[in-house]
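Next up, some structures in structure tokens.
Next come two complexes, and both contain subunit A; in the first it sits with subunit B, in the second with subunit C.
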Partner chain A sequence: MIHFVLLISRQGKVRLTKWYSTYSKKERSKVLRELSGVILTRGPRLCNFVEWRGLKVVYKRYASLYFCMCIDPDGNELEILEIIHHYVEVLDRYFGSVCELDLIYNFHKAYYILDEILISGELQESSKRTVVRSVAAQDSLVEAAKEQTGSTISNIIAHAAK
Partner chain B sequence: MLYIYMLGYDVDFGHMEAVSLISAPKYPEKQVGYIVTSCLLNENHDFLRLAINTVRNDIIGRNETFQCLALTLVGNIGGREFAESLAPDVQKLLLSSSCRPLVRKKSALCLLRLFRKNPDVVNVDGWADRMTQLLDERDLGVLTSSMSLLVALVSNNHEAYWTCLPKCVKILERLARSQDVPQEYTYYGIPSPWLQVKTMRALQYFPTIEDPNTRRTLFEVLQRILMGTDVVKNVNKNNASHAVLFEALALVMHLDAEKEMMSQCVALLGKFIAVREPNIRYLGLENMTRMLIVADVQESLKRHQAQIITSLKDPDISICRRALDLLYGMCDITNAKDIVEELLQYLNSADFTMREELSLKAAILAEKFAPDLSWYVDVILQLIEKAGDFISDDIWFRVVQFVTNNDDLQPYAAAKAKEYLDKPAVDEKMVKVCAYILGEYSHLLARRPGCSPKEIFCVIHEKLPSVSTTTIPLLLSAYAKILMHTQPPDQVLQNQIWAIFTKYESCIDAEIQQRAVEYFALSRKGAALMDIFAEMPKFPERQSSLIKKAEDAEGDTAEQSALKLRAQQQPSNALVVTDQRPSNGEPPPVFVGQLSVVKAPNMNNTEDHYSTELVLSQENGNLSQVDQQPPSADPLSDLLGPLAIEGPPGATVQYENSTVSGLESGPDVVDGSAIVPVEVGTNTIQPIGNIAVRFHALCLKDSGVLYEDPYIQIGIKAEWRAHQGRLVLFLGNKNTSPLVSVQTLILPPAHLKMELSLVPDTIPPRAQVQCPLEVVNLRPSRDVAVLDFSYKFGTHMVNIKLRLPAVLNKFLQPLPVSAEEFFPQWRSLSGPPLKLQEVVRGVRPMALPEMSNLLHSYRIAISPGLDPNPNNLVASTTFYSENTRAIVCLVRIETDPADRTQLRMTLASGDPTLTFELKEFIKEQLVSIPTVAQAPTPAPPAAPLTPQIPPNDPAALLADLL
Partner chain C sequence: MNPFSSGTRLRDMIRAIRACKTAAEERAVVRKECAAIRAAINENDQDYRHRNLAKLMFIHMLGYPTHFGQMECLKLIASTGFPEKRIGYLGLMLLLDERQEVLMLVTNSLKQDLNHSNQYIVGLALCALGNISSAEMARDLAPDVERLLQFRDPNIRKKAALCSIRIIKKVPDLAENFMNPASSLLKEKHHGVLITGVQLCTDLCKVSSEALEYFRENCIEGLVKTLRDIANSPYSPEYDIAGITDPFLHIRLLKLLRILGQGDAGASDCMTDILAQVASRTESNKNAGNAILYECVETIMSIEDNGGLRVLAINILGRFLSNRDNNIRYVGLNMLMKAIMVDAKAVQRHRATILECVKDSDASIQKRALELVYLLVNESNVKPLTKELIEYLEVSDQEFKGDITAKICSLVEKFSPAKIWYIDQMLKVLSEAGNFVKDEVWHALIIVISNASDLHGYTVRALYRVFQASTEQESLVRVAVWCVGEYGDMLVNNVGMLDIEEPITVTESDAVDAMEVAIKCQRLGLTTKAMALIALFKLSSRFPSCSERIKDIIVQNKRSLVLELQQRSIEFSCILQKHQNIRSALVERMPILDEKTFSGKKAGSLPTAVSTSSIIPCNLPNGIGKPAAAPIGDLLDLSSDDAPPAPVSSGGDFLQDLLGVDLSPASAPSGTSQSPKTGTDVLLDLLSIGTSPSVQSSSSAIDILSSSHDNKAPVSNLNGLASHSSLSANATSPASSAGMMDLLDGTGAITQKHEENGPAYPSLVAYESSTLRMTFNFSRQPGNPQTTFIQATFTNLSPNVYNDFLFQAAVPKFLQLHLDPASSNTLPASGNGSITQCLKVTNTQHGKKLNRLEACWGSITLSSNHFGNFEYFGQGYIWHV
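Up next is the complex of A and B:
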């Protein structure tokens, strides 16, 4: 199973964290510190796996972002590597050629999508279309709700203007 | 808020808001609430309890989107309480046919989380049928999730789910033939690689496949995967297909397939470790290591040895590690020499973070497979030379141990040591080991050119200015020994060495100072020196602490435990000690008899410990451990013999005493490795460290380790307030598998009321369990509570009886008094039974400050200046118990500066029992020698002229650590 997912930018800024195993706040920041040190310093043509505290971290770099997932030592590394890629592809499809800025401004979307792909550290859905569809459905729900509140607010403003 | 959090700021203030948003009726608010909660909080957070009800309502509600949100939350951070209240509802959702696949797959994973976290809460009885049903699912998304669930269930209990097995094979077949797989579920042309991987993972949890048809189908599929995977251009396709391939390999290994298929696998892996793509190379090495479990591939793996060694030099540290592990695993007697030499060579260029592991492994291999001992010594010395800073002390202790135990090896080792010391820049560890060896054995070289004692001394002495304070004592010992071996005495050398001793007599480091003084004094004694500085006795054979260390360092993966298993199957038989049991005239039974006769008088507080040991040695007759006692006790009795005679004529009692202690040291030497009795014969678990010493240490302080063996460590932390105490036992499982049938029983003495909270039956791997224990003291007594502890590890049933440090002094509270308070009370308590006086003989000689420190550490406060005679101590303390409440106790100790071995003690308190008990207690502490068990050369209690050999003498250190 996946213990946690991290997105770290090349400058060491954390873009997304998701913890499937229980870590306290202190442990979380410690993990972040240690791992960004380990991963960001690795050269370009090395393998995508790092052994770390008896666990394995599978990471992959896309442009300026490192996607890292931490798994059990007996897990299947390549499988995880492809989950990462799968996630990136879904992001790509959703945002339309995704870039780091997309994830900074729409970080909540990144979380929603991740929730559709992974639950409790296991792959939930391997079909890109299904994932995108369900995220889109959520979005439309939000939009609908917004329109409602939006119209009520404009009504209030209209009232006040009178 | 999430954004603030991600930037690393503290967002505690918002947790409550987030949780309350969950119960908002509108979707966007709810969604935000859920997502923030599941990211910020972990399963143990208190706020989550507030949300349980809302979450439950969402789950059983009709709104699918709400259901999804709730399930996601539970799946990601659900803890025990969620499992208790939600598991049945989630199970229902998973099975209901009216739900959309979206909800069902989420509920499958949610259930997986709940089950994984709390297998005891989630009831999965009768789930086998339902799982079989679920595996018929058409929707691949649901199937993927269900398969994850199945993996968890099966890993827990494979027997119940055997009905799922054929289904899994069928799914796998369907995927491998890519029949009936919707387009959206193919990934770069591969039908759902993840599902394939998961299915094979699930299959690995079944021990074997009985049904021949299923087995055949499975093997066909595997064969197809193994053969049909090619390296392609597209990275992702490549990765995905190899993910499947490696999982297939794992499955093949698990199924113990036919030879043919195995060698196919080895060939494949051999191809992988030579490719350019680093990921594949890494995995190739890793899987080769796993493959070592299958015994007969070793030979075929050897063909790839050269390639593996090349990988060792890879710039990527992950790959290097794998290669090192693999080499370590595949090493045996035939290739040990090559491999170890490679490792040594690599040490020069290795990454710093790897050097320690590398040198440790090289040392173990060298020891395990050494074709001859001189080679082993060569390797270790080279190792120390190349990676001195990265080597733990254990490695050089070990080599010294071997040299000491093998007479043939000694001249060779000494010559080598000299060679290394001759080099200009030498690492400090190297100085240590060389100085030690030369000190012990340089006389064996005396005839060779350039090896006269004087020259050796010069070589060693050259290094003195550059070493740290921890090494200087070793050098001093070496000098003393060289001096002793120089026969006839060389006047110049002697003066030189004495000059050094005198110089260090005023050294600031106590250890160095003590040694300098003692060696100086001893070396003036002339011939008597021979006995004291005799060669170190042989060490008892023990398992190398290195191997244990390596095991500890390794994680708890399946592959590594397999390595461990192999390590156990191949004990270090290459190094059989030549002459381990010198014959001694004394037949063991007589020895034991003697022991039991002389033991009784002054051992009352450690009696239970020793009597059990006696039983042990009697029952086992001439157990090798008994054999080893005389040689290790020998120098001691030599030491004691003449000195005791030199002692004052009135000291016959003391002489007897010292013999007792000399003999006692016999069992004490063994003690470190002695079996915890109870089940003599079957029980082979050996405690680490000396139990008695640990107990005594804990009598003085409130936290520490009570007991330790390779499987468990029992720590104690105590708090004492007046007559009550609260101890916490920390039961730590040191292993990667659970300890079962854990039972603790407290046998409290009559004066203590003890209540132990529930101790779990099983201690999970590498976990620590805390068991609070409440103690109430009813009345004064010296009896000690006993903890009867047992557990089962594998087939070993281990039972240990440990004394708990809930002793008299824990209920004392130091109370300094002034003269005005003291004297009226002292006078008012006149004569027995409230005031008792006794002359104590055979006291461990100690200076007055030392004695007051001792009393102080037992929580008895010294009031200086109350007694006009400076040789007397006056002290006071308060005793608490439930029956008596606080009682003030007054103590007066009159010592005789001429004879430190006797003193007069007067005790006074308002309670006769307390007076008596406290008097006896203090007496025990003054007479007994709690540190005796630490070293094979203990300080005898009653020989006033005996040089106190410091407890951290190198010999003792070695014997202790090895």
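Up next is the complex of A and C:
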């Protein structure tokens, strides 16, 4: 089981946090502080696993962002690397060559996508196409609803103008 | 509110925050935004609710408080539109966690959404439930989720499957409801549903043995077939990763097979063919393939024995270890840890490679490899492996030294073929990394040295040599100082020379020099200096020729700013000057320390717990030489030798108290309480400057060992004993209060005085629970209105006897609280007797503030694992356990 997912920039800024196990607010900020200290300072050619408080943190750097997932000590670290890559590839497909700025301004979309990949800390879908399609379908539902309200407002304005 | 005049857009806010150059600027922007959002919340603005929540989520991610937005999430979830619900659920998962009560309010909305006609809304609800559900919610909504496992759309089925995992983890009783629907998910073709279905079955097996049996009987063949199909499937672009179709599904199937095969030969037999196929045919040049191999090897190692498969698995491990990729080597080492239980010989073959990994530049790999080496060591290879590790210790990183020394020490202790080898290795470790070892390590070494009587001379000479070379490593210095103090004569006279030793000429004054260095060295800590002082004191009788010089050095420390050193030197010089007749008896060699007591204590406590290091040092010496602190007490009372003897009845307790032994039930039997009688005698003897030198002699060095921890308590208590005056609120530890109260009983308790005054207020049952009743009786002395005496009576209502009773309390600042000792520390069961304890509350602002106990809080300890806190405000007591 994945206990939490973190996206941390090279400067130590938090870009996304998702907690599947229960951590209080205090614990959360402690985790963030400790882990960004450990992970950001690790050298480039070292392995992607850090043992931390009896758990394991698997991290991988993509451009300026570190993707970290924390798992139980008996979890499969190599598989987690694949899950991280899976997520990154979906992000890439969705945004079209994703960059950190996409994830800053559209952080909620990054969460929506993550929610289509993981639930309760377990993998939900191994097909990137299915994930992208599902998020896109929900996006279009939102768009449709917006247009509807937009048209109601313009109706009101039209009424008021009469 | 006019929809056209609103605050900034989300994008603008993010831009504004990113544009901030300083943290203060950022705070200002966030404060402004938060104020606007709060205002919008107060106005119940609906149009921008979702935008405000999105902003709050961003602000939350930056680490600012956003609790005021929690209710907004609920409102959005309760609204009808999909966009509102989508952002509402996201906010719910982000801003709340399962412990917040607000979450309970959402259960109803969740229930409605789980039954919504729009499948995407159902999906949102499942996702939120799966991520943050509490046990209560899980119980309430389980039937809905169970139903959704058969929903027509596979996207909902897979979400429901993962949601079920959370539910059965929170409420394992519900597992049996999910068994049947879960097993039908295994027959699906859709990969998402299969993956989640397999995962659900795996987790069901973990929480319910019934489920495990069920799947074992019904599903193994199907699972093997699914794995075979997927392993043999042709290229499918949708699921392909590095030429393998859906490695995630592979891994999950292997994991479930492992659980089903464990401990069941028949089931294991069913899967051997496919495991062999996966292990031999999976491509290992990409990470995805290795992930599958990793899982497969683990499954092979866990299921029932099959020789051929295990060979295959060990070969894969060998390949992993020689891989250049650090990740692969890491997991290789990780797996070898498991393999060692199954096939230790095969792992031994990789010993050289593993040792190389200990020296890797990567801390994660070092750690793994070190653990593995630790497991690999046995009687036959302990010597070469220890040699390797100690050599490595010299070059290892600072932060790794602690780990590695701990491992070496424990190996050396466990497998040592001979005492001399043990001592040699420990000296090497201490001289290399003595600053990294825990206290118990050098304590253990001292005990071994003490027991190896034929090696005393050898050891003290070896230590002296290393000490001359360097005083960098403090724990080495301590051992050296201790040994010189004990065996200084052997050092000078070359007693017990071994053949392998080079002769060494040390004069008596050289040895004294060494101790002086230790006392004067700035770098060394108080404990070391105190030990050196004792060593000098001991040498004073061993080296009569140097006794004047030793006296000088001791006298110099009389002016030490460190109380501990000052006190010791005053005491020692007092003995040297006035009590020559007992000196030689006092400083006799320590009796042989009891190894069993020490190792028993060590085994009784958790090996890694931090607490051990603080408990053992005081327990260890105390368990062996009881009257550790006695000479100090003796010295304090030198002027009044006729001080009244301590009450005999409680000598055992009191002694324990003096020694600072913790009274936990585990340690008590092995400690002093076994022989309270002898303890008392010794105490009495010592108090009247007794004549039992054999016991006394052992004391001083032991005292050093505990000096850093507890020597304050005994001194203060003895002071109290001598003067009978300051028996005040010294109820800081169960031990001290216990000892003191007995003293009080014996010498006319203050307690009785208060009772004469009669209650001025009605007595009050301050607290009552199923285990304990606490009653307060109030009284006041005429002419002293600001002071109230409270007599607390504790009655045990449970059938258990509580031995470690301790009552502690605190009051607001304007009051002063004096706690007299309790009448006993043993609370008899079922109300057969009670404990009374007097509290004296003085109102420092009498007249200004009401003279009554407005508030009082504290804790009551009944035994080591049974204690509670209470708070009292105004009328009622609130009890927390």
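Following the convention adopted for this analysis, the second predicted complex is superposed on the first by the 156 of 162 C-alpha atoms of A that agree within 3 Å, B and C clash if a C-alpha of one lies under 4 Å from a C-alpha of the other, contacts with A are read in each partner's own complex, and residues count from 1 in each chain.
Operating definition for what follows: contacts are C-beta pairs under 8 Å (C-beta built on N, C-alpha and C of every residue); 3 or more make two chains touch, one makes a residue touch a chain.
Since this is a predicted model, take the numbers as computed values, not measurements.
In the superposed model, A:136 lies in contact with neither subunit B nor subunit C.
In the superposition on chain A, contact of A:63 is made with neither subunit B nor subunit C.
Of the two partner chains placed by the overlay, subunit B and subunit C both lie in contact with A:47.
Residue contacts after overlaying the shared chain place A:145 against subunit B and subunit C alike. Across the superposed pair, subunit B and subunit C both touch subunit A at residues 14-20, 22-24, 29, 43, 45-51, 76-79, 81-83, 86, 107-108, 111-112, 115, 119-120, 122-130, 134, 137-138, 141-142, 145-146. Residues 14-20, 22-24, 29, 43, 45-51, 76-79, 81-83, 86, 104-105, 107-108, 111-112, 115, 119-120, 122-130, 134, 137-138, 141-142, 145-146, 153 of subunit A are the ones touching subunit C in the complex. By the touch criterion stated above, subunit A contacts subunit B in their complex at residues 1, 13-20, 22-24, 29, 32, 42-43, 45-51, 54-55, 72-74, 76-79, 81-83, 85-86, 107-108, 111-112, 115, 119-130, 134, 137-138, 141-142, 145-146.
If you check the complex, the residues on subunit C that touch subunit A are 3, 11, 14, 18, 54, 57-58, 61-63, 81-83, 86-87, 90, 93-94, 97-99, 120, 123, 126-127, 130-131, 155, 158-159, 162-163, 165-166, 169, 191-192, 195-196, 199, 238-239, 241, 246-249, 251-252, 287-288, 290-291, 294-295, 326-331, 334, 361-365, 367. Within the complex, the subunit B residues that touch subunit A are 2-3, 6-8, 26-28, 31-32, 35, 38-39, 42-44, 65, 68, 71-72, 75-76, 79, 102, 105-106, 109-110, 112-113, 116, 140-141, 144-145, 148, 182, 184-185, 187, 192-195, 197-198, 201, 236, 239-240, 242-243, 246-247, 278-279, 281-283, 315-316, 318-319, 321, 555-559.
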